[in-house]
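Heads up, the next two complexes both have chain A, just with different partners, chain B and then chain C.
This part shows the complex of A and B:
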């Protein structure tokens, strides 16, 4: 018997592989496209070298004062370096910065734990730890309760404040928004209408108006004489704002859970909370994860709005630094660029994670 | 067949779902009532202690402050009610310009994502991913403090053909002044729009009845340009150009766009445009490739495939996303207060609240306005959505 031996594969025709066909297909497919390509290339050639020169090669890197920026044709990164501690930690006392690091490390550790822990332990350990984290952080950063030096919230600031406010808000907003979304789906008319009003109010009103409400109206609501800390009020407002948006995300998640799941849980004889927490919630969170992350990115970017009510987060620290009398040399481009890069890295990596989850969840085989 | 014996089941009072739901709702009601009672009580006590008046009388007292830019006559002698209207108009102005420009930029960049040209594709991705992930307030500051503030002074203005000037004080455009007879031209424009609406209806009906197509687009364009042009010539061109000119230290005449408005519009356009581009990309990608292939196999031209097959299906995904982007643009326009553009938020929640101290009324009014604006956007977009939605056959 003759064994079947296929011939070796022929190479692809020379006019479809390699650099030149690729260039022809992607850069010069039609005469008009070729013109556009050439125009864009010309633009890049004229813009990019001077830009890189300004950014890196002619930039001033070393020194501590404005006078160190001798080369006027380059960026003055000395400004950013000199203010970097304020950008990240605000006016928090420098010898106490380890406390901020402790909180951030705790946050990262819990996030990693919630992915790595065995699934039996995950819910029992990670969720309570998450919920405790904001209070743990407040105790550590404030310090007066556990015998450390007291640091008033007036000194909290910088980029770490953006991160911590956003994290603390989403942690509390998680259970709250889940309740609101449940309420919106409820059969009980009064509970449903209250949930709808809450959700639509916090979604429909500009977040800036909510901040103003928090800073000028909220003090009127508390009993006379109580002085509620400014950051605490901001935290409340951010949490409610985030809850409104997340409740809608959860609602979408609820609608995506097949009704067979509810029926199966009912036929097993599970009660309402058992059904909701054990069967529906895990699926809802899985489905909603990309949108939750997208909402979180929005919240995180919106923490810069706190500048307007006088909270020293990163952007307002930058504005303060730019107005400092020792640094009046017009360093706004450098300052804004630095803040933009820091936020961009955080937001872009989160949206990358979000779209990778989306791709993993997408089981449809389209295209 | 014997009837099944009915088991009489009467759950205990607490296990009856009806009773339970009544009890829960009553508990929520009681909780809310207590909460609001507490808040209102505290507020009244606090307001008395701080000597804050209540009520809307302040709307009729003299404001006593100037506003940087106003679309209607305004100076410091007008009332707070007038400042509200001035702010509202400025908010509507910036939102409208922002929505129009962001839609144009967003659709261009969203379509560029599918270009045959690799450079354009990558440029679109870079634009979307860069500006979506940088806080809007930072972008506003960048345009205002780092770009527009470094423009030359009035005497060294950048200019195009001595008609358009750009300097640190703003952008100066030539304006049109209407003279008697202009009403004739306006009427012609109105007539042109009415004619087009009827033409579109007639052409659609004819195509449905006979299958014959009519070149609607070109005819409409002809009507839209032709009618007003004829009216313009017949009435002897009743418009005069009003060119800005340097007088003393500043430009006079024409239309002035203050740098605050420019920075705000630029930032809102670039930021929201990135989100709209992403929505357009998602919409076009949501149309299965089989649709294009089926259209090709029917022998449709590429331009017809886009117009008749892809766009109508993509719009179903795009329109709801556009709705929420427009609403967030309006809400984000409140950031005007950071650079001092006199929108509703700046003049009302900012200055008026500071002067009168009537926080509750002012914040309430402002929130209500944004609510109403967003509801109207939502209404219009939902109507539009209904027209592009999948018409399911029953």
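This part shows the complex of A and C:
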């Protein structure tokens, strides 16, 4: 019998790999595309150097007052530096700022732990810690319960407030929205209709309207004399708003889990909650990861809307700084650019974290 | 129509007893007066054209499908509308699916230990020992720490069989276990199933593998249009069909 021998692999021809073929294929494939490439090149050459000059080379970096900004052709970063404490911590007493740092370090530590811990420990340790974090942070920041100096929520503010409000809302919204999504798929008409009403209400009403309801209308429903903290109301509103969106994200994930997975779980005799938590939830999270992140980012950016109802988050602190009588030199470009860059860095980091989670969860083609 | 039916009606030791089972999808009558009794250790092959209700009937046995009329008793437990009752029956019945339905987010070992740990409340060490035992039986112990997506179709289906066996079921249901496999992988799965049959497992297998039916089946059931048309030992079914419908079916599947 004749023996079958597969043909040996040959190297790819020289005209399909390397820099020149790449340039030819991607930048100059046709005359029109070459023209566009050159036009863009010309645009970058004219725009980038002056931009960098304004941002860095001619910018004013040192000083403490607006008079230090002598070079009018450059950005006045002195403004941002002088106000940086307020931008980050609002009017939180500066000697107590370590408490904010403690909360942020705890948040980062738990995120890292949920990556590094062994799979078996991860669910048992990281999830309860995540759920405890908002309450831990409130106790620390407030201080009165554990014998530290009391800091009223009126003084909480700045970018760290944006971060902590977003984190606290996401942490509570995660399980809540999963339950809502589960309720929406339920066979029980009562549970289903309650879930649908909640989801559609919080998704259908603009977030600003929800904030106003939370700050103006909600107190009308509380018994007279009770004073529910403004920040607490905002937290609740953000959580419910987030839950409405996330529930729909989860619903999409539920629909993408093949029915065979439910049948296999059923045929093993798993109960409803075992099936939901052990088989369905992990797959739903994996499928929904990109959309979960998109919702996180949206919520995080929406925390700047809180300036409308007088919460001193980063954007409203910036506006306060811009309106300060000592800084009336027109620094809004620097101020808003700084806010934009800080938010962008955070959102981009979240993207990186999310894609690394996606890779970690992707068990389909790992060889 | 059913030949063994009259003799076995008195025998209540049968492990599966289906009486006058009827099922509708909306107005569509998918299962019509199904009567079937399976003895412990019996190996049954169910065949028939697609849409004949053979999968639906099989899936009724572990309540993946509901039925509207008739009764079904598995291992002495009658199927009623009750979650505990259904879960009790499912613990006795293992099922292997056409598309394997392994859990993609769990390793092979975790796929196998999930049932023993969470349903049978076995300690993890014991569950893992059982899992490795069955992985060796289906000849892929070296794949234990991989994920299902890294295995070939034939290997995945053998894992699926092992996953069911870990629950130590009384009955194994197979719903077209080789229909989604490449030709070269069908044999490795059938070999495992033949071995299982030789060990005396009660098996009910929906398949188009007539060679397998001839080799291991005690009884072949032919279904069409929601009814059991014929049932008999394999030799009789293949060599001496009683109805024109079965004759046509056999000529179509054996003629190429």
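Following the convention adopted for this analysis, the second predicted complex is superposed on the first by the 312 of 367 C-alpha atoms of A that agree within 3 Å, B and C clash if a C-alpha of one lies under 4 Å from a C-alpha of the other, contacts with A are read in each partner's own complex, and residues count from 1 in each chain.
The rule is simple: a contact is a pair of C-beta atoms (placed from the backbone, for glycine too) under 8 Å apart; a residue touches a chain by one contact, two chains touch by 3 or more.
Since this is a predicted model, take the numbers as computed values, not measurements.
In the superposition on chain A, contact of A:208 is made with chain B only, not with chain C. For chain A, the partner that touches more of its residues is B, with chain B and chain C as the two candidates. Once the two complexes are laid over each other on the shared chain, residue contacts for A:282 go to chain C alone; chain B is not touched.
In the superposition on chain A, A:13 contacts neither chain B nor chain C.
Contacts of A:307 after superposition on the shared chain: chain B is touched, whereas chain C is not. Legend: residue contacts after superposition of the two complexes on their common chain; A:221 is shown touching chain B, with no touch to chain C.
By the touch criterion defined above, A:351 lies against chain B but remains apart from chain C after alignment on the C-alpha atoms of chain A. In the superposition on chain A, A:268 makes contact with chain C only, not with chain B.
Judged by the touch definition given at the top, the superposed model places A:361 against chain C, while chain B stays out of reach.
Comparing the two complexes, residues 366-367 of chain A contact chain B in one case and chain C in the other. Note for the complex: chain B touches chain A at residues 21, 24-25, 28-29, 32, 39, 42-43, 45-47, 49, 116-120, 123, 129-130, 132-138, 141-142, 145-146, 149-150, 288-289, 327, 330-332, 334-335, 337-338, 345, 349, 353, 359-360, 363, 366-367, 370-371, 374-375. Here chain A touches chain C in the complex through residues 258, 260-261, 263-272, 274, 278-279, 282-283, 286, 361, 363-367, going by the rule given at the top. Chain contact summary for the complex, chain C toward chain A: residues 62-64, 83, 87-88, 90-91, 93-95, 97, 99, 101-105, 114-115, 118-119, 147-150, 160, 163-164, 167. Put simply, chain A touches chain B in their complex at residues 25-27, 29-30, 33, 36-37, 40-41, 187-191, 194, 204-209, 212-213, 216-217, 219-224, 297, 301-302, 304-305, 307-308, 315, 319, 322, 330, 332-333, 336, 339-340, 343-344, 347-348, 351, 366-367.
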